[in-house]
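Data block below; observations after.
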Amino acid sequence: MQKAITKANTLMEALPYIRTFHNKTFVIKFGGNAMIDSSLSHSFALDVILLSYVGIRPVIVHGGGPQIGELMERLGKESEFINGLRVTDQETIDIVEMVLVGKINKEIVSHINANGGKAVGLSGKDGGLITAEKLYLNDKNDASKKIDIGMVGEIRSINPRVINTLDTHQFIPIIAPLGAGEDGETFNINADTAAGEIAAALNAEKLILLTDVEGVKNSRDKLCSTLTEPAAEQMIDTGEISGGMIPKVNCCCKALQNGVSKAHIIDGRIEHAVLLEIFTDGGIGTQIVHE
Amino acid sequence: MQKAITKANTLMEALPYIRTFHNKTFVIKFGGNAMIDSSLSHSFALDVILLSYVGIRPVIVHGGGPQIGELMERLGKESEFINGLRVTDQETIDIVEMVLVGKINKEIVSHINANGGKAVGLSGKDGGLITAEKLYLNDKNDASKKIDIGMVGEIRSINPRVINTLDTHQFIPIIAPLGAGEDGETFNINADTAAGEIAAALNAEKLILLTDVEGVKNSRDKLCSTLTEPAAEQMIDTGEISGGMIPKVNCCCKALQNGVSKAHIIDGRIEHAVLLEIFTDGGIGTQIVHE
Amino acid sequence: MQKAITKANTLMEALPYIRTFHNKTFVIKFGGNAMIDSSLSHSFALDVILLSYVGIRPVIVHGGGPQIGELMERLGKESEFINGLRVTDQETIDIVEMVLVGKINKEIVSHINANGGKAVGLSGKDGGLITAEKLYLNDKNDASKKIDIGMVGEIRSINPRVINTLDTHQFIPIIAPLGAGEDGETFNINADTAAGEIAAALNAEKLILLTDVEGVKNSRDKLCSTLTEPAAEQMIDTGEISGGMIPKVNCCCKALQNGVSKAHIIDGRIEHAVLLEIFTDGGIGTQIVHE
Amino acid sequence: MQKAITKANTLMEALPYIRTFHNKTFVIKFGGNAMIDSSLSHSFALDVILLSYVGIRPVIVHGGGPQIGELMERLGKESEFINGLRVTDQETIDIVEMVLVGKINKEIVSHINANGGKAVGLSGKDGGLITAEKLYLNDKNDASKKIDIGMVGEIRSINPRVINTLDTHQFIPIIAPLGAGEDGETFNINADTAAGEIAAALNAEKLILLTDVEGVKNSRDKLCSTLTEPAAEQMIDTGEISGGMIPKVNCCCKALQNGVSKAHIIDGRIEHAVLLEIFTDGGIGTQIVHE
Amino acid sequence: MQKAITKANTLMEALPYIRTFHNKTFVIKFGGNAMIDSSLSHSFALDVILLSYVGIRPVIVHGGGPQIGELMERLGKESEFINGLRVTDQETIDIVEMVLVGKINKEIVSHINANGGKAVGLSGKDGGLITAEKLYLNDKNDASKKIDIGMVGEIRSINPRVINTLDTHQFIPIIAPLGAGEDGETFNINADTAAGEIAAALNAEKLILLTDVEGVKNSRDKLCSTLTEPAAEQMIDTGEISGGMIPKVNCCCKALQNGVSKAHIIDGRIEHAVLLEIFTDGGIGTQIVHE
Amino acid sequence: MQKAITKANTLMEALPYIRTFHNKTFVIKFGGNAMIDSSLSHSFALDVILLSYVGIRPVIVHGGGPQIGELMERLGKESEFINGLRVTDQETIDIVEMVLVGKINKEIVSHINANGGKAVGLSGKDGGLITAEKLYLNDKNDASKKIDIGMVGEIRSINPRVINTLDTHQFIPIIAPLGAGEDGETFNINADTAAGEIAAALNAEKLILLTDVEGVKNSRDKLCSTLTEPAAEQMIDTGEISGGMIPKVNCCCKALQNGVSKAHIIDGRIEHAVLLEIFTDGGIGTQIVHE
């Protein structure tokens, strides 16, 4: 009985959060270890289902991960990267699309639906959700030149109608970050960026990026649990934030500028990371907030 | 962090129940110690708010308790009982109505609203909710005679429209068990009975009676955690269930016969009794089920 | 037959008013003799029902009257007044709430429902309708001091959602003028003030105050049938309006400033006073209008 | 003031009827003197507007009257009748349609709208409201022969969708009794019959036929204020009801058989005949009721 | 089979237009030869039905034409014109109304409904659609004088509620250009003007005027297939556009100024003129566009 | 101009079909050559868009085709078939899912959206659309044994909610025929069967199977343009229908038994085959109808 009472008290501690976030939209970027480790991806699926049942509206955007590389390799296709971006010829984009939409997206949908949720998988091409155009890299040696790395795209516009349609009927949208060009061609989109722009288009309460690190750390390697947007940008300018964390922080800052209330960079390697972030006072990882 | 993870796991254990009871109506009779003890009534208010936020539709019917007797006494009005029923002249029904509607009902509403819920108090007279007529007792000595005990009523019909109206807009109805006679006169109604009939009229998933005992006990004084409706009725026939428990069990059985899925007699002296009943496998107290 | 034709003609005379006020909200403060005299309160109930059937939306706010004093006295509780306001300790506010919500409100609801209307009683605490805070009186002798007269409140905000919910489903809201403080405590609110602020929150067409006088009279004791808001305020400044009429006129003026179209101070001692005001050209009592 | 109070009392007497007929549909056949006499048609327009404002749903079907004959004559077209039915060649039906739809219907619409109602004129051809086919008369001399009297039709089906569309948006439908044949040709339909069938299709509460007589009279020339449907049919069989009253009574009986609650044959020569029928206990004319 | 494939290709060519105009409103003035020639009016009815089935919302305003003159003549009533406007005494307006509403309007409705559409005829008097006032002509000889030509009206306001009601339920409104004065009197309105103002009130995509000429021609008698609004106005100023074309072009320009996207003056003498205009690249006739 | 008129006439010929099929659902199985040949798949996309714009509700189920085999081969995975069914181990089902969902489905979606439609791709696993279980083959040699061919499934139930949700908001659902087992595992489903069962679940007007033959032929190799369901079944019994046509005809017959109005087996090798079937009198291929 004592155990039961402890349980009841725990539910009670969640009540203020449930109340606050009722009917709010959370856009969650799902990627990294959380997506590969079966125990983590199981706990993630349950977190998402719980959110949807307590009246929060989760929208999931997932990344790609090692499965793309694996299939590339099996098909004897060499991976080439420029500035950390995969050079993506037509054959590569086909492989990317098959893995993202036909494998990873479906695994997430299966996981959620087998546990009682009602997920529906979408590609950014479905219902005109993501319109994209070719991304050209700047050539560091020659400012007048642009480098073409193939079917890598940047987002031109988001049409959230299909998300809203599903959401209104209590389906949970799971989105593969691909976009359609003007002639229907497929572009690969960075998943963090897609999550940020979708969060902005939906006026989301929270943008949550699951990563494989604890959060944003300062120069003394200490986790920053809260950063204002200007502070975060300054840390990029001063080099305190560096490497792969830069685009993630930039993505959060842009989302905040476009109407999202809070952005979070959290550690997806912890079970139930999403719940912990949402339902505890301290939260986990780093939150970036309006000044 | 470990504590947080335990917390997340507890939330996860609640998920199957939240899923099962989503959009279902629970009619809860609130009375006894739970209503008098301020800590218990606080925990009850939180339970109700939590239910409403996770998508369950709570409808509360409350009893009267000692406050009626207190005011009677202060006003120098003697209480008289026949067969356990208060003889209720016009002055008494006025006092009963003032205490039930103007004091107890409002305390419950205040408690819930001060903690973030959206309760609305109703008397059975509001919106034609409970239509009643005079209850006559049988005279044990003379079968041809009926005993008039004043403004004590039995329910003729329930019109749940005002409950549904409030419920659809996410208000939590808190109901004082009074009914209106044909000419607008006020009748006092037994709160368990009112809860049972309202549960039937709403096609509720559960009827939950909060009491001051552990539940239904058998002849060896052992708590019965589950009883089928016929078994419960047989226990009344054989005298195993006796005294004040008889009308409560009868009320549960009648509700089951009229479309309610399950009825529960639970111990309101335990904090968060409602949550414990709903969100644990074993539940607490006694559940009475269809055969 | 001639009688019948006269009757038809009378209905016809009402048509222009019915047309004009279709779908408009009228907030009516019910109090004074009209509430005590059974014939007057019967005629008032019928007026309200008729309004609701011809497509006008009545919202009733009622006062307290002698019944509070009576119960105080029976309970041996002495009444104390400062500046005409009842000093209201915790015991007093409990008595006030029991009488307002559990007796007077319910009598009005019963009256209307027994005659075919669909009234639902509300306290300002239900559904967060009236949020209040403690009212401090100025100490005339010492400007730096405030006098605490207990649980007498002033309105901080009106949340009309529960009224609109009931109204949309053709229920008639009957409101007891109590408000909830931040921690759920109960405050007694002046009924005229509550009616005025609710009228403003609902963008009502009319605010009608039933009183025990003919209306506003000028210095020659002549009834003013129409006053502009500035004229009314000037009459207060010049002392032409005095005593208990001042707060009523102030309340009307404030309602007009906050979006109500017209305010009326009428004589509740006349049977069907509300109908007479609404369905005759001259109206009765005093109307206060925008300049 | 006394006059005003009498007025209020009169409104009060109407309340029970308003309550009873709230949201009910009344189909009213408007014809005869009421349509020609400008004072009567003015009072009829006001009656209809009042009904619509107090929550009753009036649907008007009008007849033709002398204006058709007048235009026929002015155009040098001779009128010919067989069994009281106008022989209707193509030129005649054109004249009938112009007068019914372009003159009489529009006068009724104008009258209502100029007095604050929201009428919309319809022909039975609009929106597929009345589908008709040619009516052949039996030849009394030769049972094997049928007499063709041209574009006189009988109703095959009613599609009330356009009425319901207008009604839901509080427009008052005014219907000219013409029907469309399979190829779009126009048929003239008896207005009483059209009213009866439309009342049945709408599940109307009342069918009211305005006539130029007091009502149905028995063999001693005494007005029958109430007749059961079987009694009315028997009176036709025994010849007590005769002449032009036969089709009217038949029409009422058929409407009752098809779901209408009550049918009335009333004297349209009395001002406000419709109001008198609806808002007085005795009513006027003859009501035919289910047994 | 080849024929079938050609057919499929033709449908395909229509697709881009169907897509572009989906859910858009087209107000079409129907008049001239198209209304008199039975083959043309048949093809017009089919065009309108097709538009409504492919998701375009047609609203038809029709003119009068020779039928008014014919009936005038048959009734021995002389026609008199001042500045091209018919002098319209009370008898004349009655004839105009009978012909427009009772004959022409009904023929169009019949035509559409017999071919599977769902048309509903309206006069501008129905549902308060067109409010009008008397039009006075300027006296050329005496600027201080106005010439009264009777019941010829100009539009004061359009209330499109009845059109929207019908439209929402997929009925096709067919409108006779009459308006109601303040006291319900009938005014004859120019049909082009009525179409233009209705198009503006509905925020129509297109205003299409069917005429008996090819379109607007320039001084070398060459058809202008596209004109900007300023260009069209200049051509009026320079006299290049003259005679009966002036009011039509003015009407188009005014509609464009009031929110209509494009206006078209097309040749109603061609079968399926409306379809040809809408579903071909070149269109037919003259389109007038925003600069 | 003559060409334009021919065009208008062609549109007119389509009108009766558009009218008849308005708001009806057509489930179309897309497969075979039509899916591989880029010109055919372009014409198919346009057909689907046109249907959706003229008010018909297309639902597309697509097959797999050679692309699965190609990827199998490239990955060095040998294809094995028993009774024409692919033996499907876990690696194979992953490949099947990637190709069906991540490649073929997305190509169809792209095609439709790039041409102005609003398609959304679904797998049968999304939103719980197709629940499946393992299909066991009968062992011809040993009736007591079942052959396990891996993740090939048969349909247990269809939950059309996600289709209806998309459909109501005018999205066109494109469905890959995969189903989810009880534990979320993926099953490959025959596309014809999936189309037939979805058509039944949606109460579709038509089931259309695109094939690589002209239609059903009789023993003299003559195309049967119409077959009743019993006739079709008899032709299977007598062997007149044989080979791969048997399951297609069975699928059609079952759909008819479960509420679909008509089933069609048509030649997908013809451009605009769907349009030709729907918008011509003769149709193409074979239609199977209720007796």
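When the chains are written out, they are named A, B, C, D, E and F in that same order, and each has its own residue count from 1.
One rule holds for everything that comes next: a contact is a pair of C-beta atoms (placed from the backbone, for glycine too) under 8 Å apart; a residue touches a chain by one contact, two chains touch by 3 or more.
Just so it is clear, the structure is predicted and the values come from calculations on it, not from any experiment.
The set of chains in contact with chain E as well as chain F is empty.
Taking the mean Cα position of each chain as its centre, A sits at the greatest distance from chain D. The angle of the rotation superposing chain D on chain E, based on CA atoms and rounded to the nearest 5, is 180 degrees. Counting the residue numbers used at the interface between chain C and chain D, over half appear in both copies, so the two copies meet with largely the same residues.
At the far end from chain C, in terms of centres built from Cα atoms, lies F. Distance from the chain B centre to the chain E centre is 68 Å, each centre being the mean of its Cα atoms.
Computed from the mean C-alpha positions, the centre of chain A lies at a distance of 35 Å from the centre of chain F. Work out the mean CA point of chain B and of chain D, and you get 56 Å between them. Against chain D, in their complex, chain E makes its touches with residues 74-75, 94, 97-103, 105-106, 109-111, 113-115, 118-123, 125-128, 161-162, 165-166, 169, 171, 180, 182-186.
Listing the residues of chain F that touch chain E in their complex gives 1, 4-16, 18-19, 22, 46, 49-50, 53-55, 116, 270-272, 275-276, 279-280, 284.
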